[in-house]
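Quick heads-up: structures coming right below.
Paired with chain B in one complex and with chain C in the other, chain A is shared by the two complexes that follow.
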Partner chain A sequence: MKGISISPLRGALMLIVALFFLFPLFWIVLMSFETNTDILRSPPQLFFSPTLHNYAALISGKLGGGGGTMTVNYMQNLLNSVILSVCSVVVSLILAVPAAYAFARFKFRGGEDIAFTLLSFRFAPPLLVLLPLLNYFQVIGLYNTYFGLIWVYQLITLPLVLWIVRGYFEDVSEDIELAYRLDGHSWLSTFFKIAIPLARPGIAAAALLAFIYAWNNFIFALILGSSAIQPVTVGALAFITSSGIEYGQIAAALVLSVIPTLVLAIFTQRYLVEGLSLGAIKG
Partner chain B sequence: MPFLTVDRLAKAYKKHEVIRDLSFAVEPLETLVVFGPSGAGKTVLLRLIAGMIHPDRGTITAGGRDITDLNPEQRHLGMAFQNFALYPHMTAYENIASPLRAKQTAAAELDARVHEVATLLRIDHVLSHLPRALSNGQKQRTALARSLVSRPPLILLDDPLRNVDAKVRYEMRLELPRVLRARETTVLYVTQDYKEAMALGDRIAVLIDGVLEQIGTPRDIYQTPANSRIARLFGDPPINLLAVQPVGGSQGAQIRVASTDLRIPPGQARRADGCVLGLRPEDIAIGFEPQPGAMEVEIDAVTPLNDREVMLLRARDGTEIFASAPQGSLETGQRGRRDAWAMLDLAQAHFFETGSGARV
Partner chain C sequence: MSAADLAAHPAGGSAGEGVSRKRGPGLLPYLLALPSLLVCAGILVPFVTAVFYSLERYNLAFPQARKFIWFGNYIKLLNNADFWNTVRVSMTYTVLTVGVELLLGLGIALLLWRRSWVTNLLNVLLILPLMVAPAIASLMWKLMTNSDFGVLSYLVSVIGFPNFRWATAPGSAMFTVVLVDVWVYTPFIAILLLAGLRGLPSQPFEAAELDGVPQTFVFFRILLPMLAPYILTATLFRMLDSIQQFDIIYAMTQGGPGNTLMVFQIQAYLQAFTFTNIGRSSAILMVLWAITYALSKYFMSTWTRLRERAHGLA
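Right, the complex of A and B next:
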């Protein structure tokens, strides 16, 4: 280790990389405080009179575009996104964490095949399954329901949680679990008191990733629901109107939609770091 | 009546038999050391007794109960692991308290018992630490404390001193018998270090390739090993195993070892043909003057080992032989190659069959 000091070249390169990835984000934030006229001015200007108009329009739901006023219930979309993503992740955690434990600890007939089949759900192009699903959903009454969408979202989140958490369970020493059982604790209590806490960083990481995937999903909600339950990804389509594209409002919508993921990432980061420093078993 | 009885236990993985028809018994309050080279099936045996894996055949009885099919938590035994297996997210105190918590021990009693066992193992000053803040020696003491705290009638120790440094290992080797006696428990101790086995075991069971090859007191096993494999495992440097040719003639008790004719003392094994002679390095004396009955050798190398000097000898026909002598008993100054005469004390020799290695 050369210590904490970073060579100037390294620093410069890191700065370039950071700028490359952060600049679009920065630009979006800037745009969200500009009027459409300011945005479309050529050449672009860094200095403008900031306005909260975009945010106000989003929150009130009344968009004053070039033509008349139209109502877009963006706050409802945001709420839908939260409901869909949170519920999907929670359902996935409840189903996939015990399953991951089973796959990690017990060798049973067809176990690998089942695990792989679940993973293979991620390989199929969504469009392939969506049209038949739409038919089924309309028949059994799941079309345009939170329940139906959360169910379909399991295609995205469940395999992800299962496979990530399984790896973490495999890393938990079996000896630790045996030791706990020899102490006189039941199988179930060993699962909750030893396996889950030790795999917690993995569970947090998997939940975060699953949440991001669910949050960013577009196609399922576009086809299987109407505007009443559609998330922000689909809701943002409303800003592409016949009278033009509302760049400022799109930018503001984007900023609003990034905030929950950002907050969650910052919150779970603590667990991720804790996982790395959990002075494991040996040495 | 023995406390722990293992009867015709067998376990195979795929077609590889790890434990083959193993039977032995451990008396109450006895410390039985299961000793064997790595891969002998020692850890599998412990896991079978702990209930982590299930045997293909055979039964395990502890304290008069058949525990073969019980879950680990129903077996009432303590165990300490080679890799410590502490709960990383709990303090040393909570680690040790775990068996008592499982029994829903009252808080005051729990606290008293944790401190009692922690004091016995001298870790009462680190009870509030998480395992990652403990040294390896302290981790192992914590693991031992956890296995002892609920006073189980049987404890299993799976090579507990493997991952601690030499100094701690030495201390623990001296301290463990005191601790185990204080807790009045039957102990099954697994190790692959013969010195540890001899220091700690009331008896030693030698396990090689899943088969129990000999069981007896440390002295029995060192002095009358059942076969040449066991003889080689006990001793550092290992015992010399030398091919023996019978010498013709009516003299009778004469054998040829490494092209030298030697007289077998009365009382030693009659048969000399088809045998291997086992002689420990300390039973070979080195002199620098020719003597009758001595073997002419060249000292190839001398290395100190503890308070002895270990010599690698080369006989005239090229056979390599280890000998050892107390430090300083050799004339000093000459460390290089030199000629010498080796007196083999055949009264101490063991004879093994060439093929099977069994003791003659």
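Right, the complex of A and C next:
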């Protein structure tokens, strides 16, 4: 198989693959710079005079076209996405990195069972716990709070961090840590000065992936929050179902919602692929 | 260390193993794991509550009729045509998405196997759909398949299907959401299998080439068996996600038209929030949970076996 160079067939196949996976992104970006009249033109146009009107409307929050305007605070949704994702990842790192270290370094009674239980949350149907949680949150006042949502986000981010970082700790040799301990340093300083720096690529990959999963989450905030604290994923849906909003403005909203993860993905691609394959192969 | 490296250097960090384990770790590991456990225990409580709900006649519209009825909800589900429709739709969705994504992903991984600037570039670009939130991806495709201005609606009308209604027609709704799922998740499988492919030793392939072994033999007897652990992992991972699909379908049609796309979680969502029937909704979700639990148990045991084998190799 190594003998095959890029033949016309391979080239054509690659082109088709690129077209299928990139065209939707390309087209939505294009739409976001179009006026409604350009969008409704048939056949669809590749060339038009681009406008920033859609983005301006989104940022100012005054949306709509000929039929009057309505106020939609999409920027708040964006801010909510940032708050929820960043805080969830930070909380997950603080909680899960020490746990990952424990599971990697010590064989202790019930360790594997605990690790599996934590991981199994990643695979449980989210709605199953969301229904009772909705009742509880309304009683204890966590409904519609960032705190409550960030807690629930741990369901997806914590197992991810735990399992990826655990894999890294397991792959880093323990000898360096032991040598450092023999020098008379405490366990705590060994953990912070040796173990964590050595596992840094894994922690970075895990944090990155957890951020993306948190950013892309939809169902938690759909059920446990009102529009005031909902992230872009839920905000954009509310958008598309309300009539009177120009199509270009919807496209612009979608573009704004995917830009952070796409930019992050392009610049950190190496870590990401490692995280994805690790997360999957190692659990 | 990526999965590919893992396969190439399976010994990993086992050198220091046993040294520290001679001393009993004492309470330390429990202390380290405790915060994670506590946070997640907050989730176990609602799980138990959900089990309880599923055994109750519990409809928010008739609070005074709330009563413990043991397996009443489950028995009713067995005789419920909507439930069996949900089972059928979910299975169809899972089989179609995982099947198509696996074939496409394998094809793409093989296409990108040999490194060159083109394949490296495609490798980077391919990750982009995977980074789009499934709900947002669904909305993107919804804009593109809009009957008034959607570019895809226009394109299919040009090639002779002027009345193709995508997600709004019962006949093509499943096709449309599967298409979105394939768009989002095929890169996941492709990336995983590519990492697997690039981690394979090259000797068997070189030997086969020297001996003039036919390509079909190389593919089915050498490549596929060596790639099997990766394929299995990718498949199980995707199955677990796919059978629970909510975002893509909810954003596209909320389960419609009719009940053509009523997968488990959509059905349960509507039971709970439209029909306020918490008891039935919880029972449906418990059935789904049982399926995913069995799958993930199987997934975990396979994974542990693969990992032990990888570590035991050296």
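Just so it is clear, the second predicted complex is superposed on the first by the 234 of 283 C-alpha atoms of A that agree within 3 Å, B and C clash if a C-alpha of one lies under 4 Å from a C-alpha of the other, contacts with A are read in each partner's own complex, and residues count from 1 in each chain.
Criterion: a residue touches a chain if its C-beta (ideal position, glycine included) is under 8 Å from a C-beta of that chain, and two chains touch if they have at least 3 such contacts.
Just so it is clear, the model here is predicted, and its values are computed rather than measured.
S.K.: Which touches a greater number of chain A residues, chain B or chain C?
M.R.: C
S.K.: Counting only touches as set out at the top, which of chain B and chain C does A:184 meet: first, second, both, neither?
M.R.: first
S.K.: Please indicate which partner A:154 is in contact with in the superposed arrangement: first for chain B, second for chain C, both, or neither.
M.R.: A:154 sits against chain C, while chain B stays out of touch.
S.K.: Which partner chains sit in contact with A:62 here, chain B, chain C, both or neither? Use first/second/both/neither.
M.R.: In the superposition, A:62 contacts neither chain B nor chain C.
S.K.: In the superposed arrangement, does A:174 touch chain B (first), chain C (second), both or neither?
M.R.: Once the two structures are laid over each other on A, A:174 reaches both partners.
S.K.: Contacts for A:258 in the overlay, against chain B (first) and chain C (second): which applies, first, second, both or neither?
M.R.: After superposing on A, A:258 lies in contact with chain C but is clear of chain B.
S.K.: In the superposed arrangement, which partner chain does A:107 touch: chain B (first), chain C (second), both, or neither?
M.R.: Second partner only.
S.K.: Touching A:197 in the superposition: chain B (first), chain C (second), both, neither?
M.R.: first
S.K.: Identify the residues of chain A that lie in both the chain B contact region and the chain C contact region.
M.R.: 173-175, 178, 187, 278, 280-283
S.K.: State the interface residues of chain B toward chain A in the complex, per the touch definition above.
M.R.: 47, 50-52, 71-73, 75-79, 81, 83-89, 98-99, 101-103, 130-133, 136, 143, 146, 150, 163
S.K.: In the complex, go through chain C and note every residue touching chain A.
M.R.: 1-4, 6, 12-13, 15-17, 19-21, 25, 28-30, 32-33, 35-37, 39-40, 42-43, 45-47, 49-50, 53, 107-108, 111-114, 116, 118-119, 122-137, 139-144, 146, 148-149, 151, 154, 158, 183, 186-188, 191-192, 195-196, 205-206, 209, 215, 218, 229-230, 233-234, 237, 240, 244, 246-247, 250-251, 264-265, 268-269, 272, 278, 281-282, 285-286, 288-289, 292-293, 295-296, 299-300, 303, 306-307
S.K.: Across the complex, what residues on chain A touch chain C?
M.R.: 1-4, 6, 10, 13-14, 17-18, 20-22, 24-25, 27-28, 31, 39-44, 94-96, 98-99, 101-103, 105-108, 111, 114, 116-121, 123-133, 135-136, 151-152, 154-155, 158, 162, 167-168, 170-175, 177-178, 187, 212, 215-219, 232-234, 236-237, 240, 247, 250-251, 254, 257-258, 261-262, 264-266, 269, 272-274, 276-278, 280-283
S.K.: Touching chain B in the complex: which residues of chain A?
M.R.: 173-176, 178-187, 194, 197-198, 278-283
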